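Each chain gets a letter, A, B, C and D, in the order it is written, and its residues are counted from 1.
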Amino acid sequence: MTDAAAREYTTDEMMTVAASRELQDGAVCFVGIGLPSEATNLARATHAPNCVLIYESGTVGAKPDVLPLSIGDGVLAEYADSVVSVPEIFNYWLQAGRVDVGFLGAAQMDRYGNINTTVIGPYESPKVRLPGAGGAPEIAASARDVVIILRQKPRSFVEELAFVTSVGHRHGGDSRNELGYGGAGPTIVITDLGVLRPDPETRELTMTALHPGATVEEAKEATGWELKVAGELETTDPPTEGELTILRDLKARTAESRKRA
Amino acid sequence: MAELVELREAVAGLVSDGDTVALEGFTHLIPSAAAHEIIRQEKKDLTLIRMTPDLIYDQMIGTGCARKLIFSWGGNPGVGSLHRFRDAVENGWPRRLELEEHSHAGMANRYVAGASNLPFAVLRGYVGTDLPKVTSTIVPITCPFTGEELVAVPALNPDVAVIHAQQADRRGNVAVWGISGIQKEAALSAQRVIVTVEEVVEEFEPRPFQIVLPAVVVDAIAVEPGGSRPSYADGYYDRDNAFYEAWDGISRDRERFGEWMERHVLGTRDFAEYTRSIEREESLR
Amino acid sequence: MAELVELREAVAGLVSDGDTVALEGFTHLIPSAAAHEIIRQEKKDLTLIRMTPDLIYDQMIGTGCARKLIFSWGGNPGVGSLHRFRDAVENGWPRRLELEEHSHAGMANRYVAGASNLPFAVLRGYVGTDLPKVTSTIVPITCPFTGEELVAVPALNPDVAVIHAQQADRRGNVAVWGISGIQKEAALSAQRVIVTVEEVVEEFEPRPFQIVLPAVVVDAIAVEPGGSRPSYADGYYDRDNAFYEAWDGISRDRERFGEWMERHVLGTRDFAEYTRSIEREESLR
Amino acid sequence: MTDAAAREYTTDEMMTVAASRELQDGAVCFVGIGLPSEATNLARATHAPNCVLIYESGTVGAKPDVLPLSIGDGVLAEYADSVVSVPEIFNYWLQAGRVDVGFLGAAQMDRYGNINTTVIGPYESPKVRLPGAGGAPEIAASARDVVIILRQKPRSFVEELAFVTSVGHRHGGDSRNELGYGGAGPTIVITDLGVLRPDPETRELTMTALHPGATVEEAKEATGWELKVAGELETTDPPTEGELTILRDLKARTAESRKRA
């Protein structure tokens, strides 16, 4: 801890690093844009050089040297093992069950890991119209495991979703299984404060780890429902020197390349 | 059979008010020049189809071309909201916009069904989400062999499909390489097909992950160098990420949006003039 | 994840008696070396799948590897009958061969469904023909949107798919160019995938109409130069039309067929030795 | 006629030439192997240079310089406008209604242009097992028009098919329409003796033309059903010098290339 304590890092960096550690080397990973893309590319640059990153634009085995701004940037195709059509990505890869893990972000999430990216407020007269489903519903349905990355805030960790865009553990218990999806649903949620995992029985997301410096009180205040907390809470290992350096290089290269563009 | 024409003629001749029009291009090769020409010709009451409505759809919606939008993800990739799209949905400005909302997987399969002359496609998805509650074109279907219940979605068969490609050859065949997304299926699902290209070449060279659309499935080809900016064309130019970020500010305010469209799109003769117009403005910044 | 192995190991490890095995290659890139290895290892009770059973299927059927055949066209292309196939169907020699017979369109869509993890596929076809009378895997299905009646066929999901490709790279990705037929769907529909290749290269060059199968969908890659002869490999060698014509005579008679298989296939260690063996014989003619 | 009379040609050459004339320039044509391939490539080399030849192997706009022995010969891909997968050829091209005309051969045909390429004798214990359906059923179903090329013999022109592999005009009249196919069915049958066309009402194939030298008696003897013959029978124009030269060159080049192979 001493050299870790000596290091300065942001809660977002901790969140990205913690998420990146969830991607195993060699795994086939369906990547959402934004934080998921950042975390999975950090993983590829650190402990998971052989992971196969899939983006919904049709790139399989993408190896971007900078973070893509969109899911179809040229850098994704340039070094990919294969580039296929969008129907093939969703039918031959995702629906076919070839994806080991899906990394997703969200606008809102409930205690069962169900996700809303469609609207805030009533659908017919929304307060905020969000982008919509994109590839998320089928990633949440068919990826063997799902990792959700989301900053913990009362307005994103909500008691009730305005709209269920993508299914997590549904109403909890076995209720997801009735849907006949191939995937197991969200296995972990990484936030800027810590880590939540579904309870084995109820499937309700339970705080099982805190990042260094974060407290249970913070986490409860940041959660729109009565947050369950595990008996013995783990503490996340802080980012290593290597993780931080590589993440910051990646982001610097990315910023640089966007200025050039 | 593919004819080489001016984009102005192609849009005037093949796109009519009230048509269902799909402009596709999955981040790569977005047909911006064609979208601007549709706006210039003030097409009305269009049902617009696109998996990923972005800047060009924000522009067509904001200028009132669209009556309805069939889509699966509407945002400014990597930046945030589409403010004109939001203003239309949240406030009905400049007019009410009817939505038919699917997932990417559903939209992709709807195009596949359309390209295959099938009335519907089957997939695993949607169940457990709220999408079937708000979208009537998602219904259950049972496998006649296993009894398993899946989901059916209807085919998409637009009146017109518009795509941008890197090259056409002299015979009117069209080549796309790199990320080709859903363009093949969009083109094959449509009654009429307009393709803008970077250039016309004698013969295609082999390129990584190249697909070729034969001339017989294309109606009009228009040469529009840079015609997918601020999107990119692999082998020709990069994505103008700065413009996507700038669009957030331009589109946030109705008036500023209106002035911008007036000055750069409605006030220009074609995409070449539009490009010079925004470059001039940028140089003033 | 693709491993580079000897073809002998690949077949021994991944193909078991009673398996459902699809060896695909639409005239181009037929996996002959792998078929011979299956015969050498005397695999039994196989359900063989192939859209266009030709010489290698005639050989596997004639040597008694097959219990059942799922197919859409069984002939010697441009020459005539497959005599071993006919002998099995007409006279049950060397054993009775169960048939499950479809059209090309039906077979292609069955592979697509299998590759997509869907239990069935939908198409327009079969109605009015006698095929549904003899094939139980053709049933009607109604469009939930239009009420139109179409045909459903069940997915194909072989235990093992075997294809021949031009190249693999060091990471185990596989490249096929030219006519790629149904190989992609056959591979993606199977539980296990064996690929024989002409050679392993550092990196793929762009080739006309090239597809790449990522290493994660391939289990075993074996280098077998000339491994699709008498079929052809675009960029490597031409189709040996003379052999297809010669096969008509070799296969017509049970005894002559048996001797030929004994001498050239069962009596040789591998495809390289087989090739030398038939070349020696041809030189004697 | 004088220079034609002077020319020597076989009945097969007459049949191929007559069939080739049925392919219009610019038409999208789905080509079966054998006689259909010979006739359509002759057309491309003579009056229809802009026809788009499709082979079920996935080649669109094939331009073979020799006749392919199989539907997937390399020469078909080499000069094609595009090469696509087999599912695409059947779904995106044939089923989609993009094919103007299909050229088919057959083992047996009945008076309504229904085709058998499956078995002679009972299906379960066939006298002769034929190759089977291949692409024919969907070509017969979905090609806008169908041209059948078949030598006229009692054993191929049969009263009743042992097996209906591909549907022509079914039981005649409107019976084909009930099947909901996009194509109109066989519009013409070209034989070594002449030409048959479906009656506008009954859809029964009727002899409407004879090739030079052929007689109605021959045609009737060669037909396994009571052949109907049109009121005024036309006589097919004999092969022109050009047609014959080009056809013979094509076949010579083909034979030469097969020797080399």
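By definition in this document, a contact is a pair of C-beta atoms (placed from the backbone, for glycine too) under 8 Å apart; a residue touches a chain by one contact, two chains touch by 3 or more.
For clarity, every value in this text was computed on a predicted model and none was experimentally measured.
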Could you please state the distance in Å, as a whole number, between where the Cα atoms of chain A are centred and where those of chain C are centred? 41
Whole-Å gap between the CA centroids of chain C and chain D: 28
Multi-partner residues of chain C (each touching 2 or more other chains): 117-118, 123-124, 148, 185, 208-209, 212
Touching two or more other chains - residue numbers and ranges from chain D: 82, 91, 95, 182
Looking at which chains touch, is this a line, ring, star, complete or other? other
Report the complete set of touching chain pairs. A-B, A-C, B-C, B-D, C-D
Give every residue of chain D touching chain C within the complex, in rising order. 33-34, 56-59, 68-74, 76-77, 82-87, 90-91, 94-95, 118, 123, 125-129, 131-138, 141-142, 163-167, 170, 176, 179-182, 258-259, 261
Quick one: which bits of chain B touch chain A in the complex? Just the residue numbers, please. 26-28, 51-52, 71-75, 77-79, 81-82, 85-86, 89-90, 101-105, 108-109, 111-112, 123-131, 134, 148-149, 178-182, 184-185, 208-209, 232, 234, 238-242, 244
Tell me, which parts of chain D touch chain B in their complex? 26, 28, 52, 60-61, 81-82, 91-92, 95-98, 182
Residue numbers of chain B touching chain C in their complex, please. 117-120, 122-124, 137, 139-141, 143-146, 148, 150, 152, 154, 205-210, 212
If we count contacts the way the header does, which residues on chain C are in touch with chain A in the complex? 1, 115-118, 171, 173, 185, 188, 211-217
